[in-house]
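One chain, chain A, appears in both complexes that follow, with chain B as partner in the first and chain C in the second.
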Partner chain A sequence: MTQPILELRNLTRHFDVGTGGMFSARRGLVRAVEDVSLTLEHGQTLALVGESGCGKTTLARMLLRLLPPTSGQVLVDGQDVATLLGSTLRAFRTKVQAVFQDPWASLSPRMKVFDIVAETLVVNERLTKGELTRRVDEALTSVGLRPEQARLYPHEFSGGQRQRIAIASAIIARPKLMILDEPVSALDVSIRSQIMNLFKDIQTEYGCSYVIVAHDLGTTRYMADRIAVMYLGRLVEVAPTDEIFDLPRHPYTEALLSAALPLRPRKDRAEAIQLSGEVPSPMNPPSGCAFHPRCHRVIDGRCSSDIPVSQSIGPAHRVACHLYSG
Partner chain B sequence: MFNRIPFLRRFPVIPVAILLVVLIIPAFFATWIAPHDPYTSNLRARLVPPVGFGGSWDYPLGTDRLGRCMLSRILHGAKYALGISMIGIVLGAVVGTVLGLISGYLRGWVDVFIMRLVDITFALPSILLALALAAISGPSFSLVVIVVVFVIWGFFARQVRAETLSMRERDFVAKARVAGASDTRIVLKYILPNIANTIIVLATLQIGVVIILEASLSFLGIGIPRPAPAWGLLVADGRQLIVSNWWISLFPGLAILLTVLSVNLLGDRLRDWLDPKLRQV
Partner chain C sequence: MTPTPDPPVLNVVNLRTELVFGAHRVEVVRDVSFSVMRGETLGIVGESGSGKSMTALSIMQVLPRPIGRIHSGEIWLDGRNLVGLSEDQMTTVRGREIGMILQDPHTSLNPVYTVGNQLVEALRLNRTAESRTLKKRAIALLKRVNVADAERRFHAYPHQMSGGMKQRVVGAISLAGAPKVIIADEPTTALDVTIQLQYLQLLEDIQRDTGTAIVFITHDLGIVARLCHRLVVMYAGRIVEEGTVADVFDAPSHPYTTALLNSVPHVDRKVDRLYAIAGQPPTLNEIGEGCSFAPRCPHADDLCRTTRPPRDPGKSGSTDHFASCWKLRDIA
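What follows is the complex of A and B.
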């Protein structure tokens, strides 16, 4: 059995927040990510889905070592990310790369495309000028841009092209794992599929693994091998993509799927599950299962008192819900 | 023709022309364009009024009590105004920018410490500080520069800190960190270039403040030492004679007024060009 590219062990992140200004004694604790365990195999794509504020982005930032976990571990190729130093950290920085949501915010307006794309190599590897140019040209070509566009500034490009620049800068060091934080949601609908296809081509060519953070189910269905559904910082269901769409087990997953617009409205429209209320504050999550106040299949007594444990209900299918325990 | 080019259509012709005539050209070329030596007195031509008020073209703006040519003195005075404001602002901007970057990037207690330092410098009256320093070391050029730096670095530190705080949360900084860039590299290659406009605009807007400050210090006798013809000193020279010989104070005062006014107009325009978001500092 080979080592997974990425493994999360009981990953937890809390944020301390003052609630009433500098002199207030009242402090709050936001449980952004709570006890998340996951694995991702080489060459596979995992999607993290959930509503805004469910902890997807916090999780992604921990994977990128932008944010230290409160407890738990992120293992990349079996190595705890938190312990990296010096040359192993440099190796990590070329191994794991990211593409962010907004290509207007993720490229420095004062840097030329060449410098943006070359950055990872410049910082981590000693290359000659000629070698660097060759690698930049290669990266730009493989995302569908022309090498001579390296002389331009980001504002001279359209949104889709800018995202291609961001992708070029992520793949230049030939990463094994890429974290894609809503990589197409800031783009026009008409160019989303181009960019998604580009990601798929890159995966075929380089054999890298993806973690996609998304709230758009269409994107995830097209891209992902497996889907992890998050609610209020916890994983509620993890399963292969087809299983999630065909046979969702967790009530929250059901609700999430039924909120998506059907392909053939007249035929496919099942009765939509309407969730009542808002997502509760992660500072003060409900007792027991965090989803129980909004759940349409709530079991009285049990759901409001016990936190459900994640359990296997099929090959590679895990769910954290009392409906499937005992 | 100018209207075709957007940059030139709104070019502030008048402020720039005034600045050239009153400040910049005199500061560099006073030696050649001034009609007389600014230090030589002509005791037979004391208190000559300007042209049109009973004077002659020998002394277009009249002479002072010692018979020195006012025009020449004002022209030579420009280099003090320009020199002090350039040196003071560059030093103040460097100090303020470095501390502002550190403050905004590191945050925590360093940030608190530097910002309280800014509060303290803003709370101390600059004139009083200058008086104290002058009492210790006597008035000098470097003393004026020190006071100027002391007064303005806080504006830079605050503004740069605020911009840094917003820049460090941008995605391109996160991306640089993912690429493995060090903190120094992030600050110098990602944050500083993106706030350079702000610094330039702020520096321009400070020129007026500095020229006034220098003039006030010189007026009080704790700025540029005599007999240098700094504008503030010239105004002070004419103070006692202002009723009978008004031109001694008026023309240097006018030079200060025109310079500061033009510089501020220019700064405003520059701010609109470079940063439409930043309408007030």
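What follows is the complex of A and C.
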């Protein structure tokens, strides 16, 4: 078996926070990401799914080495990213790229498109001016922009075009792994499908892998090969996309999917599972399975006392729930 | 509750709204007409720049000042035309007759007052309760929108609540005046999916209990399918299609509606490749004389580009389904 492009081993991140107001010495611990293990194969797309506060953005930031883990490891191409230094770190910075949600915030308004797109190469590789121009032209063409638009500033573009610029600046270094954090949610509905199709075309052309963070379940169904569902910092279920959508096993996945609104008038639709209450604070998660207070299939006793262990229930399908632990 | 055959509680007729920049004026709502019955939910669907929010602001007459103004048209609320009312008169309409819920619950509440304080203020302004019962009424409203532990939450500040709970409080404030119509402008966009579903359910419950009409503005067709009875689809300031949710979803008749439905990824089935509408929505000063969608439409010809299409019966054959497209009968 070849080495996966990405492997997470028991990845954990805690944040120290004050709890008693601005001047209080009382401290608390937010367990933003707790013991997450995952792998992603070359050329595949993994989606991280969950509600606000589930830790998906913290996880994405650790993948980019923007945030060190409290414990556990992120391995890209078999290398622990925490150990990278100097030239290996520079290589990592070209190998892994990111596209963020808001193309109004992620592009510097004072730089021309050429400089924005070329930046990764200027910082990390030594190229001649001619070579640099050729690569920028190529990147812009790949994302459906014209090379002469490199002379313009970001404010001269629409939202969809700006996101294309952000994508060009990510693919120019020919990354092997791209982290897409809500890459279409700031765009208009009619523009979203253009950009999603563009990501798919780029993947076919360059063979890169994606980790996509998205709250829209339709987007993840369309984009991802595998889905990882998170709840309060923990991974509750991982499986191939079709399996998750057609036969979700964890009660939270079930409820999350049934809360999605299909494009059909309500007359011909199953009743959704309504979760009671809201996601609890990650500072004070419930005992046992963190989902048990809202779960519609809770088992008395066990769920509130023991943390469920993640186990395989099929090829590439893992779930952390007492319903499946014999 | 099912819509009743009474006259509509809200009837917008040939509304035109414009933004004036010195000598330059841009029409943002172009000849828009629709009506909403008591107990009915109407969805207004469109992308940014479609005029959906400007339509809502026109009804409330809270257009951006000083540049926004209603150019012409009528807005009938329960038999009274709101266009031309004085600011003082509109103040009594807002809140008491029309409630409004905006997109972002983090900015629609005042951070320096408790939610109880803000609810009591809304109740007092609407003169719907006597002053000694205000607090009791406010707590009852919080309970009505399913805020748990309402007596304690009455004393909480907005920052002590989650987004979903804040949006419930905004809902409670909009209910304070027992309005005939609630205008909700993307109220669930900032909420998580499971919380969004709870909120939509709450709106349905409130409507069933009070018979209030709801105008729900959104870009999310899934929400429309779940919540609304009828919808209008807006593009570049105009209504391009209108009808019941079943008719429009089963027999979309305007190419823009069809394209929108085809470009949204489904949760309940796998699609290999999404349809992508070429180009982007026009900015409002680039709209020509013909059909606004013509530059992006695969079926457009010279007629479409030069002449505005009439409002014709839609493909479902229902008497309340309309679309404005020259090619309506030609496209399979």
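Following the convention adopted for this analysis, the second predicted complex is superposed on the first by the 317 of 326 C-alpha atoms of A that agree within 3 Å, B and C clash if a C-alpha of one lies under 4 Å from a C-alpha of the other, contacts with A are read in each partner's own complex, and residues count from 1 in each chain.
Everything that follows uses one rule, which is that contacts are C-beta pairs under 8 Å (C-beta built on N, C-alpha and C of every residue); 3 or more make two chains touch, one makes a residue touch a chain.
Just so it is clear, the model here is predicted, and its values are computed rather than measured.
In this superposed model built on chain A, chain B and chain C occupy separate space and fit side by side.
In the superposition on chain A, A:96 makes contact with chain B only, not with chain C.
Touch counts on chain A: comparing chain C and chain B, the chain ahead is C. In the superposition on chain A, A:194 contacts chain C only, with no contact to chain B. In the superposed model, A:41 makes contact with neither chain B nor chain C. Shared-chain residue A:279: touches chain C; no touch with chain B.
Of the two partner chains placed by superposition, A:77 touches none, neither chain B nor chain C. Of the two partner chains placed around the shared chain by superposition, chain B is the only one that A:107 touches, whereas chain C remains out of contact. This overlay, made by fitting chain A, leaves chain B and chain C with a least C-alpha separation of 10 Å.
Residues 170-172, 174-182, 185, 189-190, 193-194, 196 of chain B touch chain A in their complex. The touching residues of chain C, when paired with chain A in their complex, are 47-48, 148, 162-165, 192-198, 201, 219-223, 225-226, 245-246, 249-250, 259-261, 263-268, 270-271, 273-277, 280-281.
Remark: chain A residues 51-52, 158, 160-161, 188-194, 196-197, 200, 215-219, 221-222, 241-242, 245, 255-257, 259-267, 272, 274-275, 277-279 touch chain C in the complex. For chain A in complex with chain B, the residues that touch the partner chain are 61, 64, 66, 89-90, 93-94, 96-98, 100-102, 105-111, 119-120, 123-124, 166, 169.
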